[in-house]
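Following this line, the structures themselves.
Next come two complexes built around subunit A: one with subunit B, the other with subunit C.
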Partner chain A sequence: MSFSMIIYFNLLILLIGIFGMIYSRDIISAIVSLQLVVISGLMNFLVFSHFLYRYSLWDRMFIIPGVTVIYLVMFCLIYYLYLNKDKLDRQELYRDFRLFKITKSDWWGEDII
Partner chain B sequence: MSSTSQLTMVILNYIGIFGLLISCLLSIFLTYKRKKLLFLFLSFLFTGVLNFVYYSGVLFFVVGLVMMFFFLLLYLFVFQLEVFRGQETTGIKVNLKVSNKDKALDITTALLFCAGFAYFIYIYTSDFLRIAKTAGDSAEILIASWSDIGGQLFAEYGLILIIVAVSLFLSFLWFVAIGGKKK
Partner chain C sequence: MSFLIQLSEKVNPFQSLIILAAVFFVLSFFVLSRSRAVKNFLVALVSVSLIVAFYLNIYCYISMGSFSSFLIFMGDLQVIEIGIVIFSALNLLYFIYIYHADNENFSKILIIFLFSIISAIFLILSKNFLLIFTSISVFILAIFQLVSVMNSGIDKISLNILEYFLRPVLTIVLFFLGFSLLYGVIDFKDFNQILQSEYITNPLIVLALVIFGAALYMYFFLFPFQGPYLRLIKRGSLSTGSLIWFLYFPVGFFTLMKPGELYIFFIEKDNLFLSIFLIAITYLCILAGSIGAFKTNNLRRIMSFMFLFFVGIYLLNISMYSTGIIDISSMVLFSFVNIFIMLLSFMSMSAIFFNVEKNTGIGSIDSIRGLGRNNRYMGINLVVIFLSWLGPLYYIEPFIKYIVKSGFPGMGVDNIILLIAMVAGCVFLLVNILRILISVFKKAEPGTYKKILFSWSLYAYVTFFSLVIIISLAMGLLGILNVDIAFLDFNISGT
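Moving on to the complex of A and B:
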């Protein structure tokens, strides 16, 4: 496979992730979409290193601490939700959750005075 | 590298890329959350296959260890959320129905944003990718081992400082997470 083709595949995965982040209505889908963005970034680093900087170790040096930090932060986030929400609060997480919620009043101001 | 090995690598590359794409699509568009997580996990396995294809198999083990903890916790969390699906124990009535007009507007906005984003990335990278296409494969391959990475890590002191700073930041987050429990 060619370099550009793999890069465009990665771009597609990134776009699926961004689409999911904008469109999803619950917190788990938003987390899954974020994972896809992380996968796309990881693959981009590997592909660039493999095709262009073959004798360099810097991609691995970056990926190991970088991805580890991302996952540990997300682990802390989920653990925080898990510990600090009781049963009823967890039920709240099933309700409408939008990462980016833009309503009409964000553009035109408050319509009820 | 022999031609048989090269063919195997090409086949593995195709399997990894297409498997990754399909499992990513399924993990986004499935509604049942545990299946969603299953396909997300499969997408990480395909990423692992691609790590091996690009001669960075060490990443599969090092990064995979941390990922496993995250996945276990996320799966437990989702499992507990699934118990409360469709139940109203708080007594608060919330209208979860979304009108078709709102749904269409959401999809259109998301698609337009993604199309614009993709257009700009394509415009600004197409020239570079045309030049980079000429970077051919060479016969010599560097397969990174943990000892190479460890050697590089201890040769560059700045990296260790970054890792120490990150560890401090993460332990701060960890103590916030376990210490902030509501009474």
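Moving on to the complex of A and C:
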């Protein structure tokens, strides 16, 4: 595969990830969309390293701790989700969750629970 | 003695971190303890370690000067930032002790708290991309754990915690993407290398900076994405708000300053789109923050909105720099003054309001009705605290200077728009202050007022902040009047 082909494919993954974050209606889809953005960043590192720098050390130095930390944070979120919520709550969460939900109470008046 | 000095030189500038890490290690032995005496001992230990870390941070910098290596950099700004973080940590410790001393997870809270402070200091010191990225990720992870432990006893809060922390996770992910793009330009390792290189205007760098901007936008929950922040503060435990205001947000400001010089480079190139974007965000934060605070009756929501309002004032400062009203030194000074005002006022105000909510069980503005009449001392302190909110008035001076220099018609549309933003912000701020003060000094309806108990520590705490505010105000006034204070070379205008 050529460099430009990989970059276009990478851009497609990034756009799918961003679209997923905006459009998804449950938390797991939102987290999967975030993973797509991570994969896009990861591919950038690997592609640039392969085509531009002929395998420099810096990309691996960044990727290994970077990805470890990202997945650690995501793992904590998912673990917390399953640890705290019973089945009924989880169903509710899966049904009505938006990462960028904007409601009237965020701007004006009281926040009704 | 010489051995100690040599040791100190070797570990420079990590002395404060070493002290905190040592206490972190000691605390891990008491993680299962539920005894009150042990809890008190641990709080005393953490307080002393924070005070020593604060002292060492300044002392080592004065005695050994700035420090730079492949991974970290310590200069004037870093010393001030670490000082602010440790000062905030001391105050947070007070809040944690008041609201969580009876919590069976108290020792764990202290350990995670100390860990978050250590990661915040690492973040401030970091210069290399890798260290910046890992330390901000670990810091967000620590804050997430701290918030979840603090709210472990509250029903139905986990959804709010999750929706809140998905945004900082998005910040981390976008940072990762941004760093990957920077890697595509040339083998850069820190922001300073980019600034000194010929590739600074490369489209990939511009795109990476846009992504960093978007990441920080998410981090600060700026309008219109403020929902999860407002909900978590309203529904979470009382100390959650303190943690977010006094640790999460200040560290965000310091992260914003990391690529700051790159943004400044593009601002100085008279980038119209950047100026328009900054002005639009400033307007949105100032107007939506103040109107939102006015339209709600919940005290925690009022404070949350007002905090976003002050973030808007912080952005106003950058917008003023982008349109040429103030120079870079004034912008840096105003940025720190803003953070200082936010922390001072919110620390003391939240201490009073949270205590009222704890006593009455009501979070509405009605709970403070009659507070100023029944407890005049606290009423006066609240007036003093709100006086500090008049700090943004110091923006008037640069505007006046600019008008005198170029005349009102020669100001330009962008500067006139900013002037309107500043005037509107001051008016809305006054309205919100008056609304709270009227409620505080209004006569309580007969039979509705419940005696609110304030502990001696709270009196001491609030008095300390009021004194600091009065002294700062006096110094500011003397600075404006150009009166020489003799012992301190201070001028509030930063000129």
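Observations, loosely collected:
As a working rule, the second predicted complex is superposed on the first by the 100 of 113 C-alpha atoms of A that agree within 3 Å, B and C clash if a C-alpha of one lies under 4 Å from a C-alpha of the other, contacts with A are read in each partner's own complex, and residues count from 1 in each chain.
What we mean here is this: contacts are C-beta pairs under 8 Å (C-beta built on N, C-alpha and C of every residue); 3 or more make two chains touch, one makes a residue touch a chain.
All values derive from a computational prediction rather than experimental measurement.
In the superposed model, A:G41 makes contact with subunit C only, not with subunit B. Looking at the shared chain after the overlay, A:Y82 reaches subunit B, while subunit C stays out of its contact range. Annotation for subunit A, partner touching more residues between subunit B and subunit C: B.
In the superposition on chain A, A:F19 makes contact with subunit B only, not with subunit C. Of the two partner chains placed by superposition, subunit B and subunit C are both touched by A:D59. In the superposed model, A:A30 makes contact with subunit C only, not with subunit B. In the superposition on chain A, contact is made by A:L72 with both subunit B and subunit C.
Taken together, the two structures place residues 31, 42, 49, 52, 59, 61, 65, 69, 72-74, 76-77, 80-81, 84, 93, 102 of subunit A in contact with subunit B in one case and with subunit C in the other.
Those residues of subunit B that touch subunit A in the shared complex are 10, 13-14, 17, 20-21, 24-25, 27-28, 33, 36-37, 40, 43-44, 47, 50-51, 54-56, 58-59, 62-63, 66-67, 69-70, 73-74, 76-78, 80-81, 84-85, 87, 89-90, 94, 96, 98, 106-107, 109-111, 113-114, 117-118, 121-122, 125, 129-130, 132-133, 135, 138, 140-142, 144, 148-149, 152-153, 159, 162-163, 166, 170, 173-174, 176-178, 180-182. Residues 129-130, 133-134, 137-138, 140-141, 144-145, 148, 156, 158-159, 161-163, 165-167, 169-170, 172-174, 176-177, 179-181, 183-184, 187, 189, 224-227, 230-231, 234-235, 288, 291-292, 295-298, 301 of subunit C touch subunit A in their complex. Those residues of subunit A lying in contact with subunit C across their complex are 14, 21, 27, 30-31, 34, 37-38, 40-42, 44-45, 48-49, 52-53, 56, 58-59, 61-62, 65-66, 69-70, 72-74, 76-77, 80-81, 84-85, 89, 93, 97, 99-103, 106-111, 113.
If you check the complex, the residues on subunit A that touch subunit B are 1-4, 6-7, 9, 11-13, 15-20, 22-25, 28-29, 31-33, 35-36, 39, 42-43, 46-47, 49-52, 54-55, 57, 59-61, 63-65, 67-69, 71-84, 86-88, 90-96, 102.
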